[in-house]
Each structure stands twice: as C-alpha cells, then as structure tokens.
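First chain written, first letter: the chains are A, B, C and D, and each begins at residue 1.
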Amino acid sequence: MARLRVGLAGLGRMGRIHAASLTWGCPSASLAAVFDADTARAAEVGARLGVPAATSYAELLSEVDAVAVATPTATHADLVVAAAAAGLPVFCEKPLSLDRDVTVSTLDAVRAAGVPLQVGFHRRFDPDWVAATARIHAGELGDVYLFRTSLRDMRSPRPDFLAGSGGFFIDVTIHDLDTARWMVGEVVEVSAHGAALSDPGFAELGDIDTALVTLRFESGALGVIDNSRSAGYGYECSTEVVGRSATVRIDNPPRRHYQWLTPGQATYGLVEDFEQRYPEAYAAELEAFARAVLDRAPLRVSGADALAAFDLAVAADRSWRTGLPVRLSPRQTADGVRYGSA
Amino acid sequence: MARLRVGLAGLGRMGRIHAASLTWGCPSASLAAVFDADTARAAEVGARLGVPAATSYAELLSEVDAVAVATPTATHADLVVAAAAAGLPVFCEKPLSLDRDVTVSTLDAVRAAGVPLQVGFHRRFDPDWVAATARIHAGELGDVYLFRTSLRDMRSPRPDFLAGSGGFFIDVTIHDLDTARWMVGEVVEVSAHGAALSDPGFAELGDIDTALVTLRFESGALGVIDNSRSAGYGYECSTEVVGRSATVRIDNPPRRHYQWLTPGQATYGLVEDFEQRYPEAYAAELEAFARAVLDRAPLRVSGADALAAFDLAVAADRSWRTGLPVRLSPRQTADGVRYGSA
Amino acid sequence: MARLRVGLAGLGRMGRIHAASLTWGCPSASLAAVFDADTARAAEVGARLGVPAATSYAELLSEVDAVAVATPTATHADLVVAAAAAGLPVFCEKPLSLDRDVTVSTLDAVRAAGVPLQVGFHRRFDPDWVAATARIHAGELGDVYLFRTSLRDMRSPRPDFLAGSGGFFIDVTIHDLDTARWMVGEVVEVSAHGAALSDPGFAELGDIDTALVTLRFESGALGVIDNSRSAGYGYECSTEVVGRSATVRIDNPPRRHYQWLTPGQATYGLVEDFEQRYPEAYAAELEAFARAVLDRAPLRVSGADALAAFDLAVAADRSWRTGLPVRLSPRQTADGVRYGSA
Amino acid sequence: MARLRVGLAGLGRMGRIHAASLTWGCPSASLAAVFDADTARAAEVGARLGVPAATSYAELLSEVDAVAVATPTATHADLVVAAAAAGLPVFCEKPLSLDRDVTVSTLDAVRAAGVPLQVGFHRRFDPDWVAATARIHAGELGDVYLFRTSLRDMRSPRPDFLAGSGGFFIDVTIHDLDTARWMVGEVVEVSAHGAALSDPGFAELGDIDTALVTLRFESGALGVIDNSRSAGYGYECSTEVVGRSATVRIDNPPRRHYQWLTPGQATYGLVEDFEQRYPEAYAAELEAFARAVLDRAPLRVSGADALAAFDLAVAADRSWRTGLPVRLSPRQTADGVRYGSA
C-alpha cells in the first residue's frame, strides 16, 4: 500500500503533533522529511524520527510528494504558493493569512497550479463531530433552529503570540465559524461582543479574551458562539444544534474515564488543552488529506471554506469594533461560496 | 406552629401548582381559600382540597392572611393593588403588567400600602440554583467572565395565549434576565436577535419562537441567553457561569434516574415541562414568601427586581425590532435599582 | 376528597419522615394523631404539626382510621397485632420481627383480622424504580440474565442500634432481597460472604460491615448484592438488571444538579443518606397504602413479601456463618409465596 | 531513537490489532516481520504493511529483536519456549496454556533462558486504569473494603472458538482476576456461580455464559466479578474499588461523545467490543514491553502474574463445579507469588 510521503515545515507545537501523526497515526501517509527555520530543531526532530532534515524549504519540497505547513501564520501564504508552484499538494494550518488580499491571491495561485489545498480545520475530522454532522446532513435533525458552540482555552497564550495572532476572532473564533458553516450552512449576519477581563495585557494589545458572536444563517436559523482565552477550568469545545426533529449535543469528554469519590463529592478530571480533547482529529485530518491526494478525490475542506471562515471572522471583528451587526452576501464563485461584506 | 393562611386567585395551570404546594408542600403556609373567575372551577377545586371557594376576589381577600395571584397577566396589576389596599401581603406571578407605567404605579401602590410583594421568579428558590448562586455570592467563583443560560419550552403554547403574552422577551426571557441580575449583577447593554422558525403562526402574530439575547454587565462581564418556544426534545433550563476561580454548570437532570440499554445504545428520559424540572422550586418560593411574611423579614425578590427584569425584557424587544444594541443606565431609587433606557 | 386519617406510632428518624409525608406529601392521607413512648416528644411533635398526641397506643388506635408503625423493631409485632385486633389497616416498618415464629404469628393475626398490612419496602414506590420495573414486568427486558444491586450507608449507625438490629443481613440486605424478588422473581439459592473491616466494633458484636450475597433465581438467572455500613463517600442505592433484550441501570443521582469546575477537575455533590436518595418514595409508599385502603384495593407489598424477604435474609446469615450455599424451596400458601429452607 | 524490531506471530483479530499498533502506535517498537500458519494471510498482511512475511516461525525468529505471539492458545507454550530458546524477549497473549503443568514448564523455560516475558493483560496498560490504580497504590484510597468489576461481551463467540477456549473462567474471568490482584492484592478464597442462559449451546459444551465470582483477599477485603458472554447491549468493562478514604469508579465511556435528543429522550452510543473500549491499551502494552526490553527494565506484568491469574481461574472453575468455596495459599517463589490450592 503506497503512502503519501509528506514533508513537514514548522516544528512548533502543532508541527510536532503533525510529526507524530505522520509517523504513527496515518495509514495513508508517512513523514518523509522535516524543515524548520531553526535548523537545529529540525535536525533534532529528524534524527529522533529517522527522517531527513531539510536545510531549506526548497530542499524539503524537492524530497516529498506533498507538504504540511505548520509554521508561524505570517509565512503561510508564501510557503503555500511555493508548494503550489512546485506542483505539490498542500496541507496548511489556518489561517492562510491575516490579510484578505493575500488570502485571495494565495487561493488564486493554488487554483492556477491545480494542486489540492486543505486548511487545518481539524474539528471537521474528529469522529464525534463527523458522526453528529453526518446525521444532520442526512436530515435526521430536520430544520435547524439554533446553533450553539463554545471554544475556550484554559490559559492565555504568551503576549508575543497574541501580538501576531490577528486578534481573537481570526485566531480562535474562525474554528467555530467554520464549524457553523459546515454543520448548518451559510451565514448572512454576524454580531460580536467582546471584553478583556482576565488580564490587562489584552486591552493593552487592543485585543479581547472573551467574546460572544451571534449568527444569522441564510436558512433563517440563529447561532451563537462563545469564546474565551482563559476559561480557567480547562479546554472546552462543545456544540449543540437544535432542530425540528432532534437536537444534538457534543460535549467535552472527561480527561480520564474514572471518578474519584470522597465524602460527599465525586470528582473527575477535565481536558486541559486541544491535544487532550482531540486525540484522533489531528491524525484524521492528515490521513484524509493523504487519502484524497492518493485517490485524486475532492478534499473535505476547500480553499473557499478557508476564505469564507476568514471573512466571517473579519466581519465579527468589525462588528465588535463598531457595535453594529455586519451583513454578508455569500457570492458564488467558480470553486464555491466566497464571502464578502455587502 | 402558625401558618400563613393564603388565598389563591386563579386556578389555571400555575394556580393548580400553587394550590398543591399550599396544601402539601409548605410548612409555613396553608391554603385558606380559592377564587377563580370561573366559579364552577373554584367550587370544584375548593371541594377537592377542603377549602372555601370565594365567589369574588373581595370575598377572598376578606378571608385570608395573604394572597397569591395566578390569574391571566392582564388582571395582575388590579388584583395586586386591591390586595395592597386591603393590607395583605401579595405573591404574584410575573409579569405584573405588560405596560411599564402600570407596573410602576402598581409598585407605588404596594409601597404606599407597606405590604410585602413577591413576584414569581421561581428559579431563585430552586435548591440547585440557590446552592450554586450562594457559592458565587460567597466569592468562590471570583470575577465573572461569562454568563450563559438556556430556557426552552418543548412545545409552543396555543395561539390565544401567545396573543396576550406580551411577546417572547416579556413572557419567557424575563426569567433569564432576572437570573442574570441575581447571579451576576446589573446589566448595562442588551442586544437581541429573534426568528420565527417552527410555525408560521408566530410571524403572523409579529412574534418569534427563537431568540438570542446578549448582555453586557456593569462589571464588564458578557452574557448570553438563548430561548425557544419549541425545542422539541423537552424543556430546558440550564445555566453556566464562567469565572476567574471556577465555573459552575447547572444542567437539566434526566426525567428519571435510570438508563435503558439496548444493542449499541443507552437511552434516558428528558424533562418535558417546568413542573418536571422544578419539583421543589414552586413550593419553595411560596414557603419563603410565607416564612418572610410571618417573620416580618425582607423578601428575597423585591418589586424593584420585577421592574428591573421587565425593563431588560423591553430593551431586548426593542433591540430585536431595531437591530441595534440598547444601553441601559440602572437608576437608584428608594427601594433599589430601577431600570430605564438611557 | 376523603383522606385516610392515619395515626403514627414512633417519632424517631423514620417516624418524623412519615409525619412530614402525612402532613404535606399524601393527597389521600392525613396525619390524625401521633404517639411515642417518649410522651414529651409526642407532645412536641403533635403541637408543631397541629394534631393530638395520644398518651397511649390504645388511645392512638381509638382516634384514627389506620396506623403507621415506626417504633423500634422489637415492638413491631405487638403493635401490628394490636392494630389488627382493633380492625385497623397497618403500615409497618421492616422487619416485622427478628424472630421467624413471631413474624408468622403476626401475619396469621393480621390475616385472621382481615386488615390490610403493608411493610416499609419503600424502594417499591420510588418513581425511578417503579418505572424501570414496570418495563421489566411488561417484558421489555426479556429473560433476565443477571441482577446486581448495591445498598451502602455512608457511616455506621451507633453500636446500640447495631446490637438490636438483627444483624447486617436482616437490617440492610433485606431491602435488596425484596427488590430482587420484586424485579426478577423467586430466589432458590443464597450464598453470602461478609467481613468486618471498618471498625473493630463490628467483630466484637459478631456482626459485619461489608457483605456480598449471591443469588440464584428460580428462572436460572444469577444475582449479586453488595452492602456496606461504611462506604464513606455517601449513600448508595443502585441496581442493574441485564436481560436478553435490554439492560436497565438505576444509579444514584447527584445530590444537586450542578457541577463545580476548577482547574483540571469537575466536582459534584453525592447523596449522603436515604432521605436525600428517596425524596419521593417515603411519601409515595404511604400514599399508595392510603389509596389502596380507601379503594379497598390490593396492597402492592403483602405480608407474604415481608416474610419471604426475611427468610432470604436469614438464609444469607446462615450461609455467611457456615460458608456454604443455602437452598430454599418457595412454598405456596394461601396468600402467596412463603419461604423456608429445604 | 532505536526501536525494538518485533516479529508478530498470528494474524487473527488480536494479531491484526497488534500489527496496527506496531506499525503506527508504538514509538519504541516497529513491526519487523509477520508470520501466520496461513501463509497467504501472512503474505497479504506483510505486503500491505511493507514488512517481510516469514514462511516459518523459525524464520520469523531469525529476523527480529523480539516476538509477539497472538496465535491460537494451544500453540502459545511451544512458541514462547522456542522464542526463549532463541534468546528473544516474548510478548504472548493470555493464557499461556490451558494446562497448569505446561504453564509452569513454559515459565521455567523462560526463566532458564533469561528472556523477558509479558502476558497480554492489556487492562494494566489502559490510561484510565493506570491512573486510578496509581492512586490506590499511592494510598489515596486507604484500606480496601470492596472490589467490584464487570467484564461482559456483547455477543458470544462462535461455538468452535468456545470449544477450545478453556471455559468461561479461563477465557474471560482471568482478566478480572488479574485486575483484582493488581489493584487490591492477593486472593485467598474464590467462590463461583455460573449459568447458561442465552443459548443452549453453552450447556451442550458444558460451559456457561454468565458468572459471578466472589473473592476474599488476603487483606480481608471482599471482591465480586460478574461476567457475561452475551450482555446484548454492548461490551462492558468497569470496576469499582471502595476504600476507607475514597472510592474509585471506572465506567465504560460512551462510544462517541455526543448525545442525540428526540422528544422526551436522549440517546448515546455504547461501545460494542474491546477495540472500542481500549483505543490505547493494546498499543500501550506493546510500547511498555518494547521500552522495558530496550531499557533492560523490569516488565510490569510477570510470568508469575500470568500463573497466579490462571490458578485463580482454575479455582473459580472448580468452585463452580463443586458448589463450594476454594481456598488458596499464595506460595512465594523465586520470581514472586505463585498460586496453588491448599
């Protein structure tokens, strides 16, 4: 059984997760080489995993069948464009760019090169979400009335990460906006509220740590997203969709499946980060990418999906800044829905 | 042990719940007499419970120590004012009126008469909510970051009820608005979104069946309420408060505490209405009312609380109609906070 | 609506629970008078609840329609026989006696008098257990393969109570043995194991604090009961029945329906005693008793059931003492199954 | 990082699970070669996974650093002895043999060869069980009062498997017996009850499908195991340990972490087999084996553990056949505790 030989660029936290997935978790893919701007880190990881460490991105591209990009956001667009120019399928962490024009030109380059591009919306590959969404799409839930989702981190990232994150909506909410579109459909209005409550550093950066984003879907359904940088108790990713025939709830599982009972109370552990919450999704998204590339089949997340979620995140950011709802008119393009404010 | 002899006006669904509570559920209160505009119904209930059926509200007032009003909303204000004029403590279902001026004049009459008035915000008396809120007020949760609550009915009420309900925000959301103020504090901005999705009848009445209300608290915390007239799966009343030191979650309990396992799946029953959800709260609110009256102690819900929740519901209604946030400035009055739009 | 006027003998812990039920919890019954060997206690409770305090049991019998007996076990048989002689229906806490001959002669006296007798197997009246068992009896579970139940106290009772309790199997296990018969059917073999682990006082009394009782039902199904005097974490009463078509699980609900989340863990409260576990069952058993008496309908727990559970408890005690299984042959009598070792 | 190159013998269901683990799930091990008596099957699996398919067991042994044996039970002992003779560390599925003498001589051969041997008690490597047991061993639970565990299959295996399984206690209960020893300590008395209820085929084989095994530990604590071949609703593996300071409960997680709500009821999926229940344990046991071999560290499950669990299973079988308890005296040997009936 042939495997897709994937080169991995970027060996930070997400890069190391992908390295592990490509080494042990993907029947259809293998880790073929690694690259990092920190060449010592690349050498160390390559040696440990038994794969070559490329000393340049160009070298990486020359040695592999496809590339996975997990570098800092500011470099995503260039690396994707270079991979496309080399004719290689690309998996890239979200977002493609913090700039809409760059995002569009990147997608144009990918389309021109005719290479597959998958963006890292891992929740679309988590088995729980996949199973629940399949039932919604099969009509078991009926018309959707209400979509509700939470995405919360236990602790804030460091200030230097925040400064380059593109802001809360583009860094965090974008995952929920993609989930909303995937599970329910297109969004035509976004209203956002935000607050900086846990640390004065957020206000100093002009950023927030708590947000509520209200959605109106094209179907008429309503939706609400809540996000936090500092939920304190743990990592939370949960969704509820209320429909005419049924309602589905995806909650956080406990950290471990045991309860500890002491006089008068029971205690169980909570998941504390996304790695604990998604033991399968990160490998599953790379496996799906590799399988689709090998089979020349369509990807389950397109570049147009990445742009649509980005545009919704920008709309949320604008709504938060102006205090007013933002309406969007999904515009059809050759490769699917593309968002843009009216 | 003396009990407060309570006369009950109104023997519809809530009235019958209160009749049962006063007969079997309140150590400090007893059912002394009943009244209903439908005198045959009053006679039937009185005979069954072994208490006199008054043939007029005036007669009811003459036979009791205090009165509980569970008649249609349109009659609340007059009945409360008459009870106050008779010097009787009053428990009244919410809302006092659909009209703000009438609400204020009713509160003025109650204050002038010097009688206690408690409005039917039963959730403040449910043991689960009481315990959780006590811990918040004791500081165990720390600064609040986010308040989230759901109140959903399984099925819509009949159109004739809807027509006189005052609209979704005043009929339903008002409970969550009171809960928000109780648990977290004063609200300074309300944004509301609504949709009529389950039945064309809602749109015909100019009403909605699904709503999202976003709150900004005076403390800076954010809040969100979701409401439904037709959640389908059951009755839902659940709340989450995320804070700096802890987070509390109050969820719906199952209908019964057993699970039924068949090949590959487990099933348990859901609560379907507020009676199943609140087996203790309705008796507890009347017990607390009676206990406070007998002890000449302050009530746990004041007339000012009723007006404050009403004003927030009106603000939600206005936000929904205009598509714009509504800011409020809590104004201090002699008997506590009183709301009014800026 | 006529109510059965019930006289209550015994105002210890269970007596006070029954007093509250008869005062506030039973539509078909009312508390008519109270009696206790401690006449001061009776006077105090009577005054508080507004009912006469009889100064003798005979006086109590003369003032009521039926009697509920919640006195110490050693007095049960005499009080039941006296009530029967007075022609009064009787509700009596379990067990009727620690002596089998006395139990049989008491049942004979009751039968001769033609009065209804209900023994306090409250679990048969808990709404969760009633609903689950109804589905079993309706055939939804199919043939039973395995019955499993736990009954555990949080803390041991005081040594003076233990000394007169009849031993662990007759005091505690008897409830599970009745549940086993009710849910699954007759038992033909009992094997018991016991240990005294939590306190040397148990061994000094020749008693145990931990037990496992294995059952073989007439149908061929197996069953196991575990019991503890000192489970530490709380009160536990839970049952599982595994069948060909389905399996049912009745677990302890949490003490309150909220969870408290702190960094990395969630906590919820546990029920700590039988009052918290059975908020409805104690009132429901008295309501069912009153309703059946008023309607001249059969009782849901017969005297034969009390004897059968007693005999199984004695068999468990013998098995524990001998280390050998005890076989039983259910013998049919005029009023139902009556146990006796082969 | 060097990995242990493991040869896999036996490519049935468990063999394929181990093949996947060694290919994708073990950082410290790799699949080096495969062997199966069905050489076509071996060739197919080898080709798919990119490793050589040995045409004989001897050939397999010559190509690898260690061997994992997942062949039918009847061949275990010979294959283990051959691996030991070749000086290779061995991982072997349980049981080593259905015959005690063969088991002992196999262990003798392994000891003589000085090679590490790990038997497939996978539950000792599941993260939930590991975490809970670590807390017990650290003393957080205090003295153990009661151990309770369930192991149930959803559906019976085929009759031809049953015929060579060694019977219910040796095939199934052995896992719980090992768990009991691991979590609580040595067992000194076993009493077993069994029944054939789901299919007449069990009685025809002289076997059972439902069992209850009661344990008395050396510490005085009691334990109970229930097992089923045909629980119907799904696969169950759950344990509870009640102690002086705390109680721990390990329950089955749901199959997926979402609930589906329809009018009046919520449904979630159940795990149906051991692969779904133990997504990590099978890889973790091989990883632990490889890590210990590479580090020349002691194994977490010894050959003596395998013999001890086997002896307890035989004792359960004898107790079931005789209807009498079986007492055991753990006898100390050079490499740890070794069981034998008194």
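The criterion applied here is as follows: a contact is a pair of C-beta atoms (placed from the backbone, for glycine too) under 8 Å apart; a residue touches a chain by one contact, two chains touch by 3 or more.
Fair warning: this is a prediction, and the values are worked out from it, not measured in the lab.
Asker: Based on the averaged CA atom positions, which chain is farthest from chain D?
Answerer: The most remote chain is B.
Asker: Taking contacts as defined above, which has more of them, B-C or A-C?
Answerer: B-C
Asker: Indicate the whole-number Å distance between the mean C-alpha point of chain B and the mean C-alpha point of chain C.
Answerer: 39
Asker: Chain A to chain C: how many Å between their CA centres?
Answerer: Whole-Å distance between the two chain centres: 57.
Asker: Find every residue in chain C that makes contact with two or more other chains and list them.
Answerer: Expected reply: 232-233, 245-247, 261-262.
Asker: Is the chain-to-chain touch network here best called a line, a ring, a star, complete, or other?
Answerer: complete
Asker: Residues of chain D touching chain B in their complex?
Answerer: So the residues of chain D in touch with chain B come to 154, 232-234, 254-255, 261-270, 272.
Asker: Under the stated contact criterion, what part of chain A meets chain B in this complex?
Answerer: Result: residues 143, 145-146, 148, 152, 191, 193-195, 197-198, 209-212, 214, 216, 220-222, 224, 226, 228, 230-233, 242-247, 323-325 of chain A touch chain B.
Asker: What part of chain B is in contact with chain C in the complex they form?
Answerer: Touching chain C from chain B are residues 1, 24-27, 47-50, 127-129, 131-132, 135, 140, 245-253, 256-262, 279.
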